[in-house]
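Below are two complexes that have subunit A in common, paired first with subunit B and then with subunit C.
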Partner chain A sequence: MTAITVRRGPRRLRELPGKIGWAVLAWAVAIAFFIPVLWMVITAFKPESAAETWPPKFVFTPTLAEFRLAVTGMGPFLLHSVLATVGSTILVLLLGVPAAYALSVHPVGRWRDGLFFFISTKMLPIVAAIGPLYVIALHTHLLDSIWLLVILYTAMNLPLAVWMIRSFMLEVPKELLEAARLDGAGRLREIGGVILPIISPGLVSTALICVIFAWNELFLAINLTVTNAATLPMFLISSVPQEGLFIAHLCAAATIASVPVIIVGWIAQRSLVRGLSMGAIK
Partner chain B sequence: MTAVDSVAAPQPKVGVRPRAASRRERWVRRLPLLPALIYTVVVTQIPFVVTLWYSFQNYFWDQPGGAHFTGLSNYRTVFTNASFRGSLVRSVVMTASAVIVAMLLGVAFAILLDRKFFGRGVVRTLIITPFLVMPAAAALVWAVPMLDPNFGLLNYLLAPFGVHHVAWLSVHALGSVIVVMIWQWTPFMTLIVLAGLQSQPPDTLEAAKVDGAGALATFRELTLPHLRPYIELGILLGSIYLVNTFDAVRLMTNGGPGTATTNLPFFLYQEVNNAFDVGGAAAAGVVTVFLTIIVATFALRMFARVFQFEEASG
Partner chain C sequence: MASVSYVSASRVYGKDTPPALDSLDLDISDGEFMVLVGPSGSGKTTALRMLAGLEPLDGGRVEIGGRDVSDVPPKDRDIAMVFQNYALYPQKTVADNMAFALKMQKVPKADRDRRVMEAARLLDLDEGLLSRKPRQLSGGQRQRVAMGRAIVREPKVFLMDEPLSNLDAKLRVQTRSQIAELQRRLQITTVYVTHDQVEAMTMGHRVAVLSQGQLQQCATPRELYDNPVNQFVAGFIGSPAMNLRTAPLADGGARLANRVLPLPAAVRTAARDANLSELVIGMRPEHLHLTGGQPGQGPDGSGELTGEVILVEELGADALLHVRLPEGGAPIVTRTEGRKPPAPGREVTLRIQPEEIFAFHPGTGARLAG
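So, the complex of A and B:
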């Protein structure tokens, strides 16, 4: 390892080779890890004939043909994905902010039980109830509707959001809340006037985490929707034909479907840890 | 105070201790919690109650007459069903191996990222990207452009090492699915362990260095114990998500060849979609939930411990 300290000579200069080695190693690992994503994007720009070759082609004339092809027919799926994702995220925030408030600022008596109830629902395997869910959806006329996905994605993300928003609320300085109370602010003004402005960056990162999980969800969508609410992951499946060449086409569709969330994740990467650990890690 | 106590007998945290609350005050406090609580109870618990009910019913989609009571016959079928047991074992194998390898890689990557070097931000961004790729897209991109026996990039990259047109998804199906699971979840582990590394007080490390401790000894004696709660949290959360792995199985191998990659989620999916057996799937689901509750009890205790640690230190 490189922690051997050398007493003589300028330390910075001595450590330079180690530093370069470290950087080279880190870059090599990162690029190796990134190859599948890179290959997906590269292949998406290939004409179909250049995608199925041995050895694989690295030099070719890029074309947008497969993107154009992938976009046609994607419209409804894209719309359903956006509606289910945005709808469920808004609902999560509407339910999650008050709940987090009741579990942090003015906590209810058994707040710890409440918190652990939310997290325990994340541990129940939803797959176990998929048959009955289908039957319930059928009887409530929610089968193959966006509303069903909104309802289920909200339940899926709500525990995560409650934990996360609560961790942001705990960081609001007590003095500010005290000051607002002395000014005669009620609970609503305390939330709207003091807490929300302070935690709004936290709310944004909470929303982004919810967007990632809802956008990428396949299991519920594939079981409970057919055409009226089929989402982007299902479009991807439909882009793999039974026969014929399809690799470039598949990569174009996969790229379009993945890019929004990749960008959201890149923007939110500072708060990704906090979201993924449900606020446990700051 | 042990973690068990903290779940069973909650104690208000010092500083947010509710004052002697009147009846009205208690309801004012409870009110904002109720919508989310009721919503979660209705949406997440009712399906399981209905599952319990159907597990005692004989009910096939494709047969007329609807559901009728059959007692424990669905459970008898589940417990004598070799493919249910097989999928259970495969779920455990897939989840455990993916979580462990992803954690080992995550620790290694986090150590790499914990130092300052040229382009660290970009390297970090590249490393987290697999986690952000839509799992369905990741599964399909791995299945064909990467692992195809004739055109796949992996065979090309491995050709110098004597690998020739291996049909990964036929010959090493389970391994291939696990590799994709690892690939998608290593970034998650990396981020959590990295947060742990960066929360280490630098003066402790400096002191160890001054005392002449080697890098390896410092890591073993100081860093690893400090990382422990972070590693536990990563393993716990990773397991919660990975045990539900469906996309990779459905889109890479469709559970095959044979049942080589059929895990519990895929088994249940097949029961409902191909065998139309709602009652049987429900019984299998109830057994799954019971097994999950046993595991989750331990998991929740662990979570409570980690959570307390964070509350105390954060």
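So, the complex of A and C:
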């Protein structure tokens, strides 16, 4: 017993500098990532006059004035963002589950090619597609329509979702599916009654990631919508006035826009970690 | 209730690999408890999965109750399977797990509940467990639920794929006898896969021994033990395993440890007819007896071996002696009375009756008639 304690002491000491080093590094990286966000939130509570000083002021009288200002006129943008995000995410799941099933549990012929095709669509820079997309949208009369964003966000998120859901489905024990087959479950029953309940944490994390991507998307929205389907990120841009001070105003609007994502992430944190690490548990 | 037949059933996974199951012919009669046993890769699980319909056939056919079911989907074969890891649906309650197949068959709810209750009673599953989820159960309880799920279907054939291998040793022995007893009561044809020869011997009416995709022998446990057809079966059945040694032929027997072990005349004739200069002899540990007498051929014509005890394994009722022969090689294991086994280092003499010595062809492994 004593012998062990004696040997443990110095080793712990030896490891200490390394541990401290890593801790410092981890904190430094974390703070570096967090400071802009913190700055945004703090600035949102400043009056416009105090927002753009150098060095930045840390002592000021917090005000909600900029929030009040930012909220006015946000309504339609918020609605469009919610519609595009929720609509596309539901579509992604509806399409992604059968697609992932056909690429994992009962793989179709040439499933590798299918899988590669899905991910290859993400390799093209979206800028390259914006011209054709604009023309197509123009001729289908979908320009500046919320349906266009729902369709495009679905297409944007589907490849990643298929890959994720597929990897979750591969984790479902083979024997369970065989037991279901022996019990007489058809394809639909196999998916709905056996697979989906097991991979539900994975589905939640997939949905969450789709929500975040769709919510934050700006490029397609700014190029293909004007007013009828303009989303929250566009509101942020449009809230920048042509002249005068605007930093506090912008920060307030950005803070409001970030809140839903943070709340959703916070609530689903556990399921997100569980879902994303599903492959690791086994 | 039905018989099961494999007719030249084959399964080949890859072009360059030997068949996982090579033309299996096996008839299992109605109500029989058939155990498929063999080491991993022997094809026993493949054979079972073929019967279940989870594995296609590359040749031959499988019949249940005289009907060719080779192309019938699993759910229409009227079978129920117990998986090694039980494969219980984690999101369903125990009762729903057991009733799922009946639900798929559109059996009315009242009827389902009754059958689930009956099965639970049969398996001593507490009623309170029925509303729980599988993860809230112990390993033994899960095993019984898996059995229950098979029983409620009242199938023609039970298929069991190593259902006891996830239980601890004590529970395994207990459950072993429960399953055998249950099968006797229900009289449902059962095909049971295991790699454990003790399970095979204790449970099966008949045991089919497989190795490398080929059926070696199918017989009653007693017959397998007394009359193994080849070296593989002889070495696989029996615990501890039979002592197998290659020995040159000598006048009147085989030469082992500077001594001639007498062999029955029939064996000697068979060896001579096959032009053998040496053969493989097999001696079961329980057939080798410690003797206090002087080495040499025993008075009753039995053979004797002398060697040094290098290890004693106490089992309580008896003990296993590992005896090293002067010529080296793997030690000979013998079973002896547990009370006063000789200490390691002692020189001992073992005696065996000629008719209890097995002899095998050194090339083919086939038993030389004796």
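Operating definition for what follows: the second predicted complex is superposed on the first by the 233 of 282 C-alpha atoms of A that agree within 3 Å, B and C clash if a C-alpha of one lies under 4 Å from a C-alpha of the other, contacts with A are read in each partner's own complex, and residues count from 1 in each chain.
Convention: a contact is a pair of C-beta atoms (placed from the backbone, for glycine too) under 8 Å apart; a residue touches a chain by one contact, two chains touch by 3 or more.
Note that the structure is a prediction, hence the values are computed from the model and not measured.
J.: Check whether A:267 is in contact with subunit B, with subunit C, with both or with neither, and answer first, second, both or neither.
T.: Neither partner.
J.: Given the touch rule stated above, what does A:122 touch, subunit B (first), subunit C (second), both, or neither?
T.: first
J.: Check whether A:181 is in contact with subunit B, with subunit C, with both or with neither, and answer first, second, both or neither.
T.: second
J.: Between subunit B (first) and subunit C (second), which, if any, makes contact with A:198: first, second, both or neither?
T.: Touch status of A:198: second partner only.
J.: Considering only the touch criterion stated at the top, classify A:189 as touching first (subunit B), second (subunit C), both, or neither.
T.: It touches subunit C, and subunit B stays clear.
J.: Looking at subunit A, does subunit B or subunit C touch a larger number of its residues?
T.: Greater contact footprint in residues on subunit A: B.
J.: Could you look at A:104 and tell me whether it touches subunit B, subunit C, both or neither (first, second, both, neither)?
T.: first
J.: Of all residues in subunit A, which touch subunit C in the complex?
T.: Interface residues on the subunit A side: 173, 175-176, 178-185, 189, 193-194, 197-198.
J.: Looking at the complex, which residues from subunit B come into contact with subunit A?
T.: 6-7, 10-13, 15-16, 18, 21, 26, 28-33, 35-37, 39-40, 43-48, 50-51, 53-54, 109, 112-113, 115, 117-120, 122-138, 140-142, 144-146, 148, 150-151, 153, 156, 183, 186, 188, 191-192, 194-196, 209, 214-216, 218, 230, 233, 237, 240, 243-244, 246-247, 250-251, 264-265, 268-269, 271-273, 278, 281-282, 284-286, 288-289, 292, 295-296, 299-300, 303-304, 306-307, 310, 314
J.: List the residues on subunit A that touch subunit B in their complex, please.
T.: Within the complex, subunit A contacts subunit B at residues 1-5, 19, 22-23, 25-27, 29-31, 33-37, 39-40, 43, 51-56, 95-96, 98-99, 101-114, 116-136, 151-152, 154-155, 158-159, 162, 174, 187, 212, 215-216, 218-219, 222-223, 232-233, 236-237, 240, 246-247, 250-251, 254-255, 257-258, 261-262, 264-266, 269, 272-273, 276-278, 280-282.
J.: Over in the complex, which subunit C residues touch subunit A? Could you list them?
T.: 52-54, 73-75, 79-81, 83-85, 87, 89-91, 100-101, 104-105, 149
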